[in-house]
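Here it is, the structure, as structure tokens.
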Amino acid sequence: MRPTWTGSTGRVEAFSDGVLAVAATLLVLDLKTPEDLGQTGVWSVLAHQLPTLAAYATSFLTILIFWINHHNVFHAIARVDRWTLLVNGVLLLLVSFTSYVTSVLGAALQRGQHDREAATLYALLLECASICFSLLWRLTQRGAARVAGRRILIGPLLYLAATLVAQLSAQASLAIDAVTAFYFLLLPGATQRRDLPS
Amino acid sequence: MRPTWTGSTGRVEAFSDGVLAVAATLLVLDLKTPEDLGQTGVWSVLAHQLPTLAAYATSFLTILIFWINHHNVFHAIARVDRWTLLVNGVLLLLVSFTSYVTSVLGAALQRGQHDREAATLYALLLECASICFSLLWRLTQRGAARVAGRRILIGPLLYLAATLVAQLSAQASLAIDAVTAFYFLLLPGATQRRDLPS
Amino acid sequence: MRPTWTGSTGRVEAFSDGVLAVAATLLVLDLKTPEDLGQTGVWSVLAHQLPTLAAYATSFLTILIFWINHHNVFHAIARVDRWTLLVNGVLLLLVSFTSYVTSVLGAALQRGQHDREAATLYALLLECASICFSLLWRLTQRGAARVAGRRILIGPLLYLAATLVAQLSAQASLAIDAVTAFYFLLLPGATQRRDLPS
Amino acid sequence: MRPTWTGSTGRVEAFSDGVLAVAATLLVLDLKTPEDLGQTGVWSVLAHQLPTLAAYATSFLTILIFWINHHNVFHAIARVDRWTLLVNGVLLLLVSFTSYVTSVLGAALQRGQHDREAATLYALLLECASICFSLLWRLTQRGAARVAGRRILIGPLLYLAATLVAQLSAQASLAIDAVTAFYFLLLPGATQRRDLPS
């Protein structure tokens, strides 16, 4: 029943691709044209919005990594069963929620108020999404899971570190989130295995 | 004329996929970063927005179910005729309208004002979308409709129940909507028949 | 050079599909949850927003028709040359502009101020988009243009009528726009020719 | 390993297509229905928003060009390695940022305040995106890069000119950005080479 199966993951991927691409692009709506543009000028407005811009870039690159990872895991999935659909649904819900949490983090960083709480919320969201990916890897064929190997643990561990660090410094926590995204984007063992030849 | 037909459903599905994925992701725009973040802190803001978050998650998972169901029914459709296009067009209009109705329900629940009216509107919208799906199943080949069987009735009946319960309690009505989404996501007979092997 | 050509129209269609689906779904953002929900209740809010809802539904169905028509014309296009790209680019720009013009029309109808101006702008936008489609049909192979026949004229003529009627009544003009969408959705000779078997 | 490779660029392109189409369509959200519609009328509102409309149309056509160029370069890419993914990720981040920068430019032009700063920011953003494309062309097979030839330089040089002119006049800088978009849309050597037959 190969063709049926191919069709099935293809469909899940098409919808997931749509949600991921729209979620990544919607992030920009958190960047509002400031009312006081006239007084302060463009460069000081940008400087003032720097924390929001950093949160925005981190979220964008994280969703890009999620998208690459999503394709890798679905490439290794043999059968789309109801548990895959459920975990994937929760994952997409978390990803679509990123825009809101990024906006809260940006606002908190900009005002310097409750920023550690906001960074905790942000890191917890990425932690939950990361665990969803680990669950999806567990649902693949045994061989693929073994190939994926330690990658299943690296994401959740890094975001756990970001969650813990957020209790001390929001900026440091966001830096860990950003570094995690670049780590997965650049390390060949993490993102390029199997179907993206390097 | 098989290739022509394949192309036709493929196109309708591509546009429908786009509308469904965007509609699901746009829901997050209803979650506004509160102005009083500074005073109250992130966690109490989240607790205060809990009704909106519940409505948001219910709508997201419902659109996910609609998307799965949409693929199932179009898989069984032999010919995309003008009635299919019309019913599908109305269905997509209703789905794109979900974002607004979710926003109204979230606001009403949060303020505790007119929440039963808002829950009625919400359940009625899902009822209408559900009836569109039943109409689409009726437009498929006779065999497919028989296979779909009672599923054609379950959706409209559950949302009718949610509409009636909304006269007594908005929270209970939303709970029925959420349970309906999980029911369709997890029961194999509902979502996985035919083309999603379980 | 058949494969190259197929690839080319496929790409133009993929981007156009994306723009059309997003433009249709973004329309819902014009429907704002009213501030005075608490005082007036959900049903009277909906009744008050009825003109906006009518403009929203008309725009959604019109973009749906544009999408069907877009596929028909690109199905008949043999070579994607620079003029096709230019006209298609202007068409997509006009379609993406629909959301703004719909919002202006809805606001004007709701306040009963300058509504004929807004309806004129709305009908003119659809007129321009309709003319783009006629130009695209002219760029297809001669045979396809002859098959398309009078359809090339019907759209621009109907929207011209809507533009003229808008000088007398905004509501009547919007009604013509809505009837035009249903006309193209239901008449087999208009939307179903060639690749959507009826 | 040809099939794997095809799949890989196909995936990168699907996500990139989604981001580009959504980014182009989101631009319209910068056009707000003015509050003073009642006093001034539709036409004077449009006239007042003319600078915003010009920035909006320029950004839309520029993203359309980016999309055509993106397909051309990925058509010539033999292997999607980690550097391609990184440069493409930065490019998509810049494109998704266009909506915000367009909004800032529109607001600055409309108020006549800090407009040269805003035009500088806008031209710099396009310059950076243009350099990303040049980097991507460098990552393709040697043959394709030679075919692309001077095109690699034309984009960055034109946007550099726009950046410099922005120090004197925001309007003139925006005009160069718009002319650049039309130049790439209409010149066969720029956009149609290789896979879009002319």
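Think of it as A, B, C and D in the order they're written, each chain with its own count starting at 1.
The rule is simple: a residue touches a chain if its C-beta (ideal position, glycine included) is under 8 Å from a C-beta of that chain, and two chains touch if they have at least 3 such contacts.
The shown structure was predicted, so the numbers you read here are calculated from the model rather than taken from an experiment.
Peer 1: Among the chains here, which has the CA centroid at the largest distance from subunit D's centroid?
Peer 2: So the chain farthest away from subunit D turns out to be B.
Peer 1: Do subunit A and subunit B face each other with the same patch, meaning over half of the contact numbers show up on both, or with different patches?
Peer 2: different
Peer 1: Just how much do you need to spin subunit B so its Cα atoms sit on those of subunit C, in degrees to the nearest 5?
Peer 2: 90
Peer 1: How far is the middle of subunit A from the middle of subunit D, if each middle is the mean of its Cα atoms, in Å?
Peer 2: Whole-Å distance between the two chain centres: 25.
Peer 1: Report the inter-centroid distance (CA atoms only) between subunit A and subunit C in whole Å.
Peer 2: Their C-alpha centroids are separated by 35 Å.
Peer 1: What parts of subunit B, by residue number, touch at least two of the other chains?
Peer 2: Within subunit B, the residues that touch at least two other chains are 17-18, 22, 26, 29.
Peer 1: Which word fits how the chains touch one another: line, ring, star, complete or other?
Peer 2: ring
Peer 1: Tell me, which pairs of chains are in touch?
Peer 2: Contact pairs between chains: A-B, A-D, B-C, C-D.
Peer 1: So in the complex, which bits of subunit B are touching subunit A?
Peer 2: Listed in rising order, the residues of subunit B that touch subunit A are 17-18, 20-22, 24-29, 31, 33, 37-38, 41-43, 45-46, 57, 60-61, 64, 67-68, 71, 185-188, 191-192, 195-198.
Peer 1: Within their complex, state which residues of subunit A touch subunit B.
Peer 2: Listed in rising order, the residues are 1, 4-5, 7-8, 11, 14-15, 17-19, 22-23, 26, 29-30, 79-82, 85-86, 89, 92-93, 96-97, 99-100, 103-104, 107-108, 111, 113-114, 117-118, 120-121.
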